[in-house]
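There are two complexes below, and they share chain A, which is joined by chain B in the first and by chain C in the second.
Moving on to the complex of A and B:
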């Protein structure tokens, strides 16, 4: 049930919010296009949920501007914003049935009984819950509750749907399944989704663009591929995926010269180990410290030679499982990589840190 | 773990002792003789007829019922207001306020009664319905506040938020989501308030006047000068009424709230 025209263009312009001396959201600007699937990604306490609650209207921004399709949101209470929300604990009404939960917002809009019944049925069909309309919330499984929460929000056709870690309570398998369904639902409805998560894999796999937050600030806002391939900050490089991050001083002995103060980000899957390393432009000799074999691939930690004990920063490599070829902890090995495939963080951009 | 013989014997004894007073009161109320005794030497409705035919008993009954009803409703309304206000209050303030509400539980009722007697007399409310009502409101407050506050604490704060973002004004969110979820607490609060007030003797005894008395005080006064079974008949009627009230509440809202008030499953377990 896509909405006519393009609605759901959300502009966030240098929005800040402090709690006491804590800057929960620090001058964040984001331009979210109508129909986009956006993920807010970051560790807990990074400000992503606070920003979501500011968009919903449950918190007020101290400064900055929020507009939805050109309408200024400041001063509008949550019930007048045309914004939907799926809460972290879902917040389904325990005293109402599935159908009554979904009908809640429609009844407040004073639609006719027949119209409400038709729309509830349509919304339940959309989330594949037809037949459960009369159930009580307590009788549903976790995944079914999830879908009721989605139907309850989507039946009102909000311009933007906010989702606050709605999958975090589910087990991994159900989570994967619902991630797929959620993404398909977003495509089908054309609604702008803003999805808060601390799970980088969830963010990368679902969103069109991901906003990475750290300590209240926006680190980077980009497509998943760009985020991973060209991290803008050290924080993003470390938070999104694994990375070998080396300074110019650490790389100089390997014959690589970088501008002073800049960093090189080498992804573990861009490293090769063993005989394959012979052809790599940059090679490091060392000892295999650890091997984690997980079937399709294996993670290796290689301690480079010539580093004083205690200061050794091991290299991470991700190899196809079949390429392990007898590499075991304690074995001598050569690790190689191609600096052309690595991302460089200029000195001026290095913020955050582990 | 198997329960040993002493434990089971104690449990059996308690099971006999708990209903024993009820059996004796109801039994002796049917006595045809003018002296309270058990077992009754015969069967007669005599004392029930006397109760229902004596205006002073009926007036006392009416006063107690009205007092209990008004006390229950007012303390419950006040408890809802207090619980809502204190939920958002700073923890220190909430602690102080809750202690004040629960204070009547901590003081001897005789001491409270003397206090009430003093200041209600000064206010010109001694021996009046209004004075008695004020005392009963204070005595009922601790019992009325707790069930409402516990019910409210179990309502996740995201529920009214969810109602709001679905389009509800704050008042609608309260009426359509918070209030229905508070229902068991409100029912318990009303029931406790009613029973505490209806049952109150110690404080009420100090506050009755020559023209104004409550049923429990009247029963007590009657026992002091003659032990005829009319008091047993009245007590039997009260037992019946209370049992009826509890059953009604159970049918309407369920009484699980009395049994395990902390674990009443009102949360949508996420």
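Moving on to the complex of A and C:
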């Protein structure tokens, strides 16, 4: 049930919100295109949920501007924003059946009985829940409840659907399955999705673009590839995936010169260990500290040999499982990498930190 | 102590209470059956005076319950939403710090022909002759609502506080105004509290003695006061016993539909 035309263009213009002395959301600006799947990513307390609640109308912004398809949202109550929401705990109505939950919003819009029945059926089919219309919420599994919450929101064709960590309560396997379904559903309906999560893998795998938050501020808003490959800040580099982050001073003994104060971000999978390291442009000799073998790949921690103080931070490397080749804790090994594949953080953009 | 011994120890005080309750009711039924017999009931239930008392008891109890629910719900809702809930709650239950006799006597002072209310109304020229409220069923109703309102408020408050606030937010974002969300989400989910509080108030007001005695006078009696009179003034224990049995039956009949309703509401909410 795609909406005609392009609706769901959400503009967030330097929105701020404080609770007492805490700056929960600090001058955040985001331009979200119609039909985009956006993830808000950050640790708990970073302001992502507060921003979501401001968009929904449950919190008011202290300053800044929110527009949806050109309409200013400030002052509009939640029921008049054309915004849908899936809550973290789903907030399904326990006194209503599945069908009654989905029909809730339609009834408030005073649609005819036949029309409501048709749309409820359509929405339940969309989330593959046909046949469960008469069930009570308490009789459903976690995954089924998830789908009822989605159907209840999507049946109203909102311009934007907000999702507040809706998968966080599910076990990993179900979570992966629903992530895929959610993404497919978003493609099919063409609705703008804003998905809040603290799980970076979830954010990267699902979203068209990811907004990374830290301490109320927006760190970076970019595609998953750009976020991972070219992190804008040290916080993003550390929060999104693993990284070896080294300063100019730490790299100087290796023969690498960086502008003073800047950092180099070397992803573990760009490191090689053992015989393969012989050909790498930069090489570090050391001792293998730890090996985590997880099947397709293995994570290694290599402690470099005594070098000038402050440079002996262990290095992380991610190798194909088959390349482990006898590397065990305590073994001597050489780790190498190609600085051309590493991202550089200029001094001016180094802020935050985990 | 472990196992059955510990459980027994925990159960003992409760067991004593239950035993006392069962024995007293059994004793009541037994003495009623042996001393008065069925003839006494026929006599009582064909006495127009007693029937009036019976009817008065029923309507005052029902009206008290309805008034407590209507007044108590908004109050409970306010408490549930207030950031200073505990302070307000203290005010709501503060009447319990004062003896029921003192509290009820306060109403005598307020409602009498020369009481505060009538004097004020006369001074403002709103009435010429005092409005007779004291020693009418209306005074009893006012007094009972005053005494039992806190029970209703606490019963409703507890069910409101159990409710997830996200449900109201869900109602709002699905298009509901505040009122629509209240009517379709908050109210139905708090019905167990209303029904529970109503059962409590209904039972207590049907058996009330002190309030109807002080505010209703000796003419407009309720069953409780009638029994009190039979015991302490007429010393007719047979009649008192039979009336106590009638009161028991009336209370059960009044509360039964509420318990059924409560069971239904709970089943619906918990999806058993």
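Assume the second predicted complex is superposed on the first by the 349 of 354 C-alpha atoms of A that agree within 3 Å, B and C clash if a C-alpha of one lies under 4 Å from a C-alpha of the other, contacts with A are read in each partner's own complex, and residues count from 1 in each chain.
What we mean here is this: a contact is a pair of C-beta atoms (placed from the backbone, for glycine too) under 8 Å apart; a residue touches a chain by one contact, two chains touch by 3 or more.
A quick note: this is a predicted structure, and the numbers were derived from the prediction, not measured.
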- Once the two structures are overlaid on chain A, check if chain B and chain C clash or fit side by side. clash
- Considering only the touch criterion stated at the top, classify A:136 as touching first (chain B), second (chain C), both, or neither. second
- Message: Just to be sure I read the superposition right, which of the two partners does A:145 touch: chain B = first, chain C = second, or both, or neither?
- Response: first
- Message: One more residue to check, A:169. First (chain B), second (chain C), both or neither?
- Response: first
- Message: Is A:261 touching anything from chain B or chain C once the two structures are fitted on A? First, second, both or neither.
- Response: neither
- Message: Once chain A of both complexes is superposed, is A:79 in touch with chain B (first), chain C (second), both, or neither?
- Response: both
- Message: Once chain A of both complexes is superposed, is A:105 in touch with chain B (first), chain C (second), both, or neither?
- Response: both
- What residues on chain A does chain C touch that chain B touches too? 56-58, 77-79, 81, 83-85, 87-89, 91-95, 104-105, 108-109, 137-138, 152-153, 156
- Task: Spell out the part of chain B that touches chain A in their complex, as residue ranges.
- Result: 156, 158-159, 161-169, 172, 176-177, 180-181, 265-268, 270
- Message: Quick check on the complex: what are the chain A residues that touch chain C?
- Response: 56-58, 77-79, 81, 83-85, 87-89, 91-95, 104-105, 108-109, 136-139, 152-153, 156
- Query: For the complex, which residues does chain C have touching chain A?
  - Reply: 164, 166-167, 169-177, 180, 184-185, 188-189, 268-271
- Residues of chain A that touch chain B when the two form their complex: 56-58, 77-79, 81, 83-85, 87-95, 104-105, 108-109, 137-138, 142, 145, 152-153, 156, 169
